[in-house]
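The first chain written gets the first letter, and so on, giving A, B, C, D, E and F; residue counts start at 1 in each chain.
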Amino acid sequence: MKISARNVIRGTVTKIVQGSVNTEVFIELPGGNEIVSIITKESAKALALKKGKQVYAVVKASNVMIAVD
Amino acid sequence: MKISARNVIRGTVTKIVQGSVNTEVFIELPGGNEIVSIITKESAKALALKKGKQVYAVVKASNVMIAVD
Amino acid sequence: MKISARNVIRGTVTKIVQGSVNTEVFIELPGGNEIVSIITKESAKALALKKGKQVYAVVKASNVMIAVD
Amino acid sequence: MKISARNVIRGTVTKIVQGSVNTEVFIELPGGNEIVSIITKESAKALALKKGKQVYAVVKASNVMIAVD
Amino acid sequence: MKISARNVIRGTVTKIVQGSVNTEVFIELPGGNEIVSIITKESAKALALKKGKQVYAVVKASNVMIAVD
Amino acid sequence: MKISARNVIRGTVTKIVQGSVNTEVFIELPGGNEIVSIITKESAKALALKKGKQVYAVVKASNVMIAVD
């Protein structure tokens, strides 16, 4: 499957925090940056996410803001 | 200003494509990854974005999806 | 690729309206419903979207609101 | 009230999963497709959502991605 | 129609900037604050938006970030 | 830090409801309007949010819909 989202960045799951409906997933990028994602608990289970797993962080371009110092 | 968005990633503007209302901004991260952002033309002007400028890509955690192969 | 987005709905592209940065894509679902999507012109090109093509509309659950009469 | 969101699709609530802040709502569309929504617990209460209720799933066009096989 | 979005704020359209696919709409709130919205050109037409018209700005709570000085 | 989000509205925190992963924050605007935000519990802690604190509600223009009666 190929998706229209312009940002598909490979990384590794480093931590998972589970809530009642949502789950917080920490992903480390090769350059050392960390990305945090909130997905449903159901999705985290369906994707069999766990520490160390290789995943992609996927973000639609219209959801990326820009800031300057 | 400090923001609640969990993802604030430093990078460098590499390309800007301007539309009638929206502007597409390409940001290169230190690790070599590229992030694409769509913001309004007005915002791109207000932030004085141009090629080579140091910026931050800002993404709310609830807007990050996860994919696996 | 398998994605965390909970809504992945199959349909057929029925119309494409191209802007300077964004493209509007109309997708007809089997049940007769129509879904409208705004993606970047670049993505529409990368996916080779055209009238009649089978695609999936993908929506993160946190982006679905509910209304009642 | 008429809203700018381009996607307003009628369906029936089939399941509700309640969290501490958010609630997950499953909606069945006429064609058999299912849509999952995450709204606040407060909203689910305010709309008196329950199994069998007729509702609309509402999605802004800029939040719809497209994928192809 | 009653919607799950937690933020439905009444205001007055003060300016409309039209693009090829999207339209930028400026809304003045009673307290003097201004809200800017990007919707499709098609939606702006369907709602017959024009300067001076009374409207509601509608925002899902999960799309509101918080910043501090 | 200056951000591309077009809507940055000053207000006062009036209530905080904490979940397992997400936190719901109520912000009162000068004109009397109230804005509700869902951010991660982690962010609410990092910003030291509490009742009475001056904050900004930040919303990207593409996340603002418009409704009419």
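Everything that follows uses one rule, which is that a residue touches a chain if its C-beta (ideal position, glycine included) is under 8 Å from a C-beta of that chain, and two chains touch if they have at least 3 such contacts.
Because the structure is predicted, anything quoted here is derived from the model rather than measured.
Trainee: Go through the assembly and pull out the chains touching chain E as well as chain F.
Mentor: B, D
Trainee: Note down the smallest number of touching-chain steps it takes to go from chain A to chain D.
Mentor: Minimal hop count between chain A and chain D: 1.
Trainee: Let me check something: if the centre of a chain is the mean of its CA atoms, which chain is farthest from chain A?
Mentor: E
Trainee: If chain B and chain C share one sequence, what is the angle of the rotation that overlays their CA atoms, in steps of 5 degrees?
Mentor: 120
Trainee: Taking the mean of the CA coordinates per chain, how far is chain A from chain E in Å?
Mentor: The answer is 29 Å.
Trainee: Please report how many Å separate the Cα centroid of chain D from that of chain F, as a whole number.
Mentor: 23
Trainee: Rounded to the nearest whole Å, what is the centre-to-centre distance of chain C and chain D, using the mean of the C-alpha atoms as each centre?
Mentor: Measuring from centre to centre gives 17 Å for this pair.
Trainee: Among the residues of chain F, which ones contact at least 2 other chains?
Mentor: Correct list: 1-6, 19-20, 22, 24, 36-40, 42-44, 47, 56, 58, 60-63, 65-69.
Trainee: Could you please write down every pair of chains that are in touch?
Mentor: A-B, A-C, A-D, A-F, B-C, B-E, B-F, C-D, C-E, D-E, D-F, E-F
Trainee: Touching chain C in the complex: which residues of chain B?
Mentor: Touch list, chain B to chain C: 17-24, 36, 38, 62-63, 65-69.
Trainee: Would you pull the chain A residues touching chain B in the complex into a rising list?
Mentor: Residues 3, 5-9, 24-25, 27, 29-33, 35-39, 43-44, 47-49, 53-69 of chain A touch chain B in their complex.
Trainee: For the complex, give me every residue of chain E touching chain C.
Mentor: 1-5, 19-22, 40, 42, 60, 62
Trainee: Across the complex, what residues on chain F touch chain B?
Mentor: These residues of chain F touch chain B: 1-6, 37-40, 42-44, 46-47, 56, 58, 60-62.
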